[in-house]
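The following block contains the structure, expressed as structure tokens.
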Amino acid sequence: MLYLQLLADGLVTGCAIGLVAVSFSLIYSTTKVFHVAHAGIYTAGGYIAWYAASYGAPFTVACIAGIIGSALLGAVIQSQVYQRLEERGAQPLVLLIASLGVLAVLQNGVAILFTTNMLQFSYPWRNQMVIFGAVGLSYAQVTIVIVSIVVFVVLTWMSKYTLFGQRIRAVASNPFLAEITRLRPKTLFVLVMMIGSAVVGLAGTLIALDQAMQPYTGVLILLTATIAVIAGGIGSLTGAFVISLALSVLQNLSLAVMPGRWSIAATFALFILFILIRPQGLVRAAR
Amino acid sequence: MKDYLTVNKVSKHFGGLQALQQSTFAIERHKTTCLVGPNGAGKTTLFNVITGFEQPDEGEIRFDGKLLNGLSPREVIGEGIARTFQNLRVFEEMTVVDNVMVYLNDDEATGPLDALFRPFHTQAALRRKRAAALGFLREVNLLHKADDIVRNLSFGQQKLLCIARALATGAELLLLDEPTSGLSQSALTAMVETVQKLREQGRTLLVVEHNTRIVRRIADEIVFLHEGRTMAQGEPDKIMSDPKLAEIYFGGVV
Amino acid sequence: MSFFLNYLIQAEIFSVMALSTNLLVGIIGIFSVSQAAIFGVGAYTVALLLLSKMLGFPAAIVVAVVLCAALNIVLALPSLRVAGDYFVVTSFGCQLVATAIFINWSQLTGGASGLVGIPTPAIFGYSTDEPAAFACVSTVILAISCLGFWLLMRSPFGRIVHAIRQDELAVAAAGKDVLRAKVSVAAVSGAFAGMAGGLYATYLSFIDPTSFDIGVSIIILTMLVVGGARTLAGSLVGPFLLLALPHGLDLIELSPTIVGPMRQLIYGALLIAFMMFRPQGIAGQRL
């Protein structure tokens, strides 16, 4: 059954895109920076993991390498670029352009080091299949679903029930107040960036595991993810994740009716439609 | 006329904070009404609600009989109400006269097509607008600063610029949000002189003002706001000597 | 001589693009990565009209100008009506979708192979096959663009637009239609891009999707940032300077596969550096 398979594949990829969306949402709602370089960290994370794997590391180790590398990149970007600019009172536009510069450096750095050819993980177990009735999923895909859902649940739990999560939400809702009380946004921002970058680097590794890697595909993924964040209501992690699943499923199902290369156009058309009709979000933001 | 601007049972809340609670008052044309009350009483919120920057949760605001609820800031200007901001919101990188020109109520040659395809006509219109803007600067005694960049002006001069901008809109009703706050003595004198001049011209003013001496000098009527409620409205002498209100405002009689 | 003329023509084309981007990013303060997409629409439009022999060059340029202006209006309107960061997503979406269309709508655009054999402009019967003759056309178009930019900036409209960048709320409080002003600027920006695109197509006589992808948007943005925003001079300095860069790179021994990404990496680094240390560029005003 083609449609069920497409649906399943869409849900799988949607889980990983959901991680991209959730991590972006976390960073954006806290630091208020539209961190387009997130796509660059997505890419770099995957390549770092691949690099480790190419030296024979098992997948878990490679993943961790990717996560750590991504977190470090995020920390550097936040402390050396965004924070310095904020301290100088830079306009949001300036931060956006700087972020774009970081994205270009990351993507092209990867392209220089690893060439622009498609790269894949060479684990033999990647493509072994698990059959669920009419639908078949590879081990890689199952890994994606399990890891994504676990990470999503952990992030949501962290946001709602831990002191750290409450501090994040407090800073997000009132940055000025946070500054003059003792919530220490600077450190918080770096931590949030590290967590967000770790998660998106993981997402990049996961999708690379299932499919393949190229230096410049991060932006496409980020576009879908940011549409999900906005449609889900900024500040709602669940909204971002759920809409990511929905968009990914839609993109996959559209493969049945149009060539795959048009699916991004379909997603974007949905976005334009969305901001015309209900720009405040489809899911109420979590309080 | 007594009901030039009427605020009728207007409430507004932000999250858990009730900024305005059933505020009700009316102001008279050609008179100066001062809005007084302790900090946080809701005075700026009231301005925001009247001028369309916020929408009230309930209640009605009418100007010369016309309902203002739901109008955008642009539409409110169109109805003839202009305001100044407590934090000025001047265009710092532009010249003083350009600041006034942006506020000028003159839509001739303001589009890109005019600029591109009718350059001579546009330049003629520009000269005309500049002359009009200079006129408003003269009214607030800022003519000598016309081509200075606003960033280089003193705070007091920037506040006078805000008045000039409000005048340039051609509005019938001027809402002045703390025009004298933060001013040095000389700047204060200049500002009060300007406000008195506006009063002599018969303009209708609604002024948020903390300084009681200035209130006594310029107010025809006072509206006392506290915790979002209008506690009292009436003549300055009566309100200012009311011990209950003085208690709220100062903890003692003025 | 021909080498210098070719450099001049390219620099002039990209100067028109820099002016186009300057209007959006420098004057209004909207972040844009879709300049290459509109550039491409202009290029493909003129190319197709000339190849089909339907119209001559002057008429084709007019069509491109109108089309690109209209396209920018259509894209700007929904996103500018809502919150500021939505335009970032729209801009990315527009760029990525445009690239997808350029690559996939093969019947129209020639797909990944592009369009070949685009004739040089014939102006009033004069051929412009010679670089010197073409340079006259490009110089005239640049001059028109500069004049347009200059007229716009010293007009009442220009003042409103400058004010919008500094304090949009205060402009609304002045009774001016902020949305209409922003959309107007987007339209003029599109018009400039249409002209530049038409020049580019006829200059190269061959266009393909890679000339109009997001990397090119970044190049154009870098030209604006390096040259300096908001001023006429900045939009000329940037392109002329940065187009000399590849020749500098040629002096260093680099493998051909690395040259492209290396250039892009340098542009990214320039964006970061200028935003952090010299936001006014060489000859512009602070972003």
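A, B and C are the chain letters, set down in written order, and residue numbers restart from 1 in every chain.
Keep in mind that, in the parts below, a contact is a pair of C-beta atoms (placed from the backbone, for glycine too) under 8 Å apart; a residue touches a chain by one contact, two chains touch by 3 or more.
Remember, predicted model here, so these are calculated numbers, not experimental data.
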Original post:
Touch graph across the chains, line, ring, star, complete or other?
Top reply: line
**OP:** Report the pair of chains linked by the most C-beta pairs in contact.
**Re:** A-C
**OP:** Report the chain closest to the protein's overall CA mean, measuring from each chain's own CA mean.
**Re:** C
Subject >> Centre-to-centre distance between chain C and chain B (centres being mean Cα positions), rounded to whole Å >> reply: 43
Original post:
When the centre of a chain is set as the mean of its C-alpha atoms, what distance in Å lies between chain A and chain C?
Top reply: 30
**OP:** Please compute the C-alpha centroid of chain A, do the same for chain B, then give the distance between them in whole Å.
**Re:** 47
Subject >> chain A to chain C touching residues, read off their complex >> reply: 34, 36, 81, 84-85, 90-98, 100-105, 107-109, 111-112, 115-116, 215, 219-220, 222-223, 226-227, 230, 259, 261-262, 264-265, 268, 271-272, 275-276, 279
**OP:** In the complex, go through chain C and note every residue touching chain B.
**Re:** 148, 151-152, 154-160, 162-163, 166-167, 169-177, 184-185, 187-188, 285
Subject >> chain B residues within the chain C interface of the complex >> reply: 51, 53, 72-74, 77-78, 82-83, 85, 89-94, 98-99, 101-103, 105, 109-112, 114-116, 119, 122, 125-126, 129, 165, 169
Subject >> Residue numbers on chain C that touch chain A, as the complex places them >> reply: 25, 29-31, 33, 78-79, 81-86, 88-90, 92-94, 96-97, 100-101, 103-104, 214-215, 218, 221, 225, 257-258, 260-262, 264-265, 267-273, 275-276, 279, 287
